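Quick heads-up: structures coming right below.
Next, two complexes with chain A in common: one pairs it with chain B, the other with chain C.
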Partner chain A sequence: MAKHILVACGTAVATSTVVCMAIEEAMKEKGIMVSTQQCKATEVPSLVENADLVVSTTPLPDDLPKPSIVTLAFLTGIGKDEIIEKIADHLRS
Partner chain B sequence: MSSSILAKYLVPQAICLRTPAATAEEVIQRLSSKMEEAQVVKPSYCEAVIAREKIMPTGLPLLEGLAVAVPHTDPEHVLKPGIGVATLETPVEFSSMEDPDEKIAVQLVFVLALLDKHEQIEMLQTIMAVLQEPAVIREIINADSHEALLAALGKASQ
Partner chain C sequence: MDGLLAGIKAVVDGLGPTVLLPIVIFVIALVLGTKPGRAFRAAVTIGVAFIGINLVLGLMFTNLADVAQSIVTNSGLKRDIVDVGWPSAAAIAFGSSVGLWIIPVAIAVNIALLMLGLTRTLNVDIWNFWHMAFMGSLVVALTDSLLMGLGVAALMAALALFFGDWTAKAVQRFYGIPGVSVPHLASAQILPIAVIVNWVIDRIPGVRDLNMDEKAIQKNFGVFGEPVVMGLVIGIGLGLLAFWNMADTSAMIVKVLHTGMNLAAVMLLLPRMVKILMEGLVPISEAARNFVQSRAGNKDIHVGLDSAILIGHPAAIASALILVPIAIVLSIILPGNQVILFADLAVIPFLVAMAAPLVNGNVFRMVIIGTVTLAIGFYVANATAPLFTDTAVAASFSLPEGTTLITSVVDGFLWISWVVVKAVEWAGALGILALGVVIFLCIFSFKKNPLAWQKLADIQTEEAKKVPAGAPAE
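Showing the complex of A and B:
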């Protein structure tokens, strides 16, 4: 079954769109089925229940019940390979 | 990168080279007024972007000590999709997207006017592809004419 990733940013319009596409592409290459959902960082607490992982470009609330990664790697290119591995590890576990 | 994507979205009136500005707000005001004159954004855009930047900033530290900011806001303040760009006479402090407490000195600002995320995915990907190429960023920062800036943007690989 596809793993569900919640992708958050400030407005759910710009940066999370790019991050969603990048994650989908990277996980496809690794043979990991994912579905992604964009949201605002403020919406994460109400949507997190159905997610296996949260990836955000902006700070998230502290006490989320699911694993989360805050990263700019998909925007800036810095440390992108490491983050892709980290996401894959979370989804495989 | 297809430079036609940028040609489609870059607002010619909103290309500001060597902009003298001391604060992030000044840069956003300058670009917003150009975007408003070009009827790309509504008069409410400027204040909305400044307000959002305070809570959820858009500064991005890049490779090789470079840094940019990509201020934007909700589609309700936008009339049509577009990009404005400002190079800065001296670096201006923006807060980091990842950690709003962290200040970074930005040399280049892209303001984004976004209406529909699905329609503008190519525009967003194009911008982000540019950000990942330090040589291109440096050339944009040093551009002394619109032509030089457009030529630099056209060199990004995607």
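Showing the complex of A and C:
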């Protein structure tokens, strides 16, 4: 079954789109099936239940019941490969 | 020959952003080194996004125009300038004549300033170039001169970099994001206001010790963070204000609930449509980032990103949640105001996020500073709405005939738009020159004495002094 990733940013429009597209592309290359959903950081608590992982470009509430990664790597291009590995590790486990 | 040229011009004018922008984007993408297939798909996606945005705008307009008119007749409140939201503003800006050129113009300005050592920010946030295009297109609406519009857009690109440099240390410290700056006009514009208001608060005994509890606010006002629910609630509220005295009660209830549901739909759908625009821009944005990064060398630079990365901070969320009802109250009580708020009630965090480092995340102070900023913003919006509307029409967005004016909080509420428009209105090209002089004086002054500027933007200046990273660029 495809793993579900919640991708959050301030608007659910701009930076999270960049992250979503990058994750989908990278996971496809690795042969990991994922589905992604974009949302605003304020919506994470009400949407997190269905997600296997939360990736965000902006701070998240610290009491989330699911694993989460806050990163700017997809936007700056710096450290992108390590983050992709980290996401893949989370999804494989 | 003249006939042929006139013919080409007629075709180009008739195409509008749904065709013209994809063509331009395709060419820019190829120049920046994107593969043709990828560039083509991206370009077509952008055209599709414009069609989608127009559809949702239609839905919003049929509802809001009706509501706005009914509010005028039923309550005597003259509120006929409709807030169509930043997604619409962004689409209008990219679809304008300035928007077609903004990507190469802003990149050129950035590279030039980096080479001259006048900025340390490398702005890879191509998406938010729309703010610069927006200011430029207001000037085109005013003067009918594309050249002046492009001049203003280029100056705004420089101004964004200045704000990015100025706030870099504060943002990096408070938000914990090393190596990043936020050259974002809509977020940075609060700084001068924040500096003054914060100075005043510091001098009022009692008030200066106040703060608010973030957690409690998020719990009690959390609904304003969920766009669908907020759209529904605001829609029902506006519906009641518009139709409360209809003779037929059952018809009234139907109308109010329909308004609520339709506006909930707009709140969800409008950002989705703009997301498609963003999807189309991502390949270009990546190519532009590589293009600029490879030319900027490995100097010590800040990577300029969207202020969307700041918005999740509890202080930004909490103060914005409180500011939503405050903004609605302001729209009702401010004398002379004609703006009816709707779509941009969701983006208030963008307006206040940059004030957080200055007040060290004190939510009470952020709310006060935000209230002052919004109050000023209402008058800016009232003054610039006719130009905003002209710009939308020029970018061939379908607005209902003559009845309603439009604005948005981002960027219609920014004092920067007002200053730009007034400078050009009073002095034409000389006004633009004056703006340029002021902006470059700021840039030179910052380069000469960065610590003094950083002190203005950040509360923890003692630390900034100790850390050598706060030293000037070269």
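Everything below uses one rule, namely that the second predicted complex is superposed on the first by the 93 of 93 C-alpha atoms of A that agree within 3 Å, B and C clash if a C-alpha of one lies under 4 Å from a C-alpha of the other, contacts with A are read in each partner's own complex, and residues count from 1 in each chain.
To be clear about the criterion, a contact is a pair of C-beta atoms (placed from the backbone, for glycine too) under 8 Å apart; a residue touches a chain by one contact, two chains touch by 3 or more.
Because the structure is predicted, anything quoted here is derived from the model rather than measured.
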When chain B and chain C are modelled together on chain A, clash or fit: clash
Per-residue touch tally on chain A - higher for chain B or for chain C: C
Which superposed partner A:60 touches (first chain B, second chain C, both, neither): second
Contacts of A:72 with chain B and chain C, given as first, second, both or neither: both
Contacts of A:38 with chain B and chain C, given as first, second, both or neither: both
Touching partner for A:15 - first (chain B), second (chain C), both, neither: both
Which superposed partner A:46 touches (first chain B, second chain C, both, neither): second
On chain A, positions contacted by chain B and by chain C: 9-15, 17-18, 21, 38, 41, 57-59, 72, 75-78
Residues of chain A that touch chain B when the two form their complex: 9-15, 17-18, 21, 38, 41, 57-59, 70-72, 74-78
Chain A residues within the chain C interface of the complex: 8-18, 21, 38, 40-43, 46, 56-61, 72, 75-78
Residues on chain C engaged by chain A in the complex (per definition of touch): 87, 124-125, 127-128, 175, 177, 179-180, 222, 225-227, 271, 274-275, 278-279, 282, 285, 289-290, 293, 303, 305-314, 317, 347, 349-350
Touching residues on chain B, where the partner in the complex is chain A: 52, 55-56, 58, 60-63, 70, 72-75, 97-100, 112, 114, 117-118, 120-121, 124-125, 128, 131-132
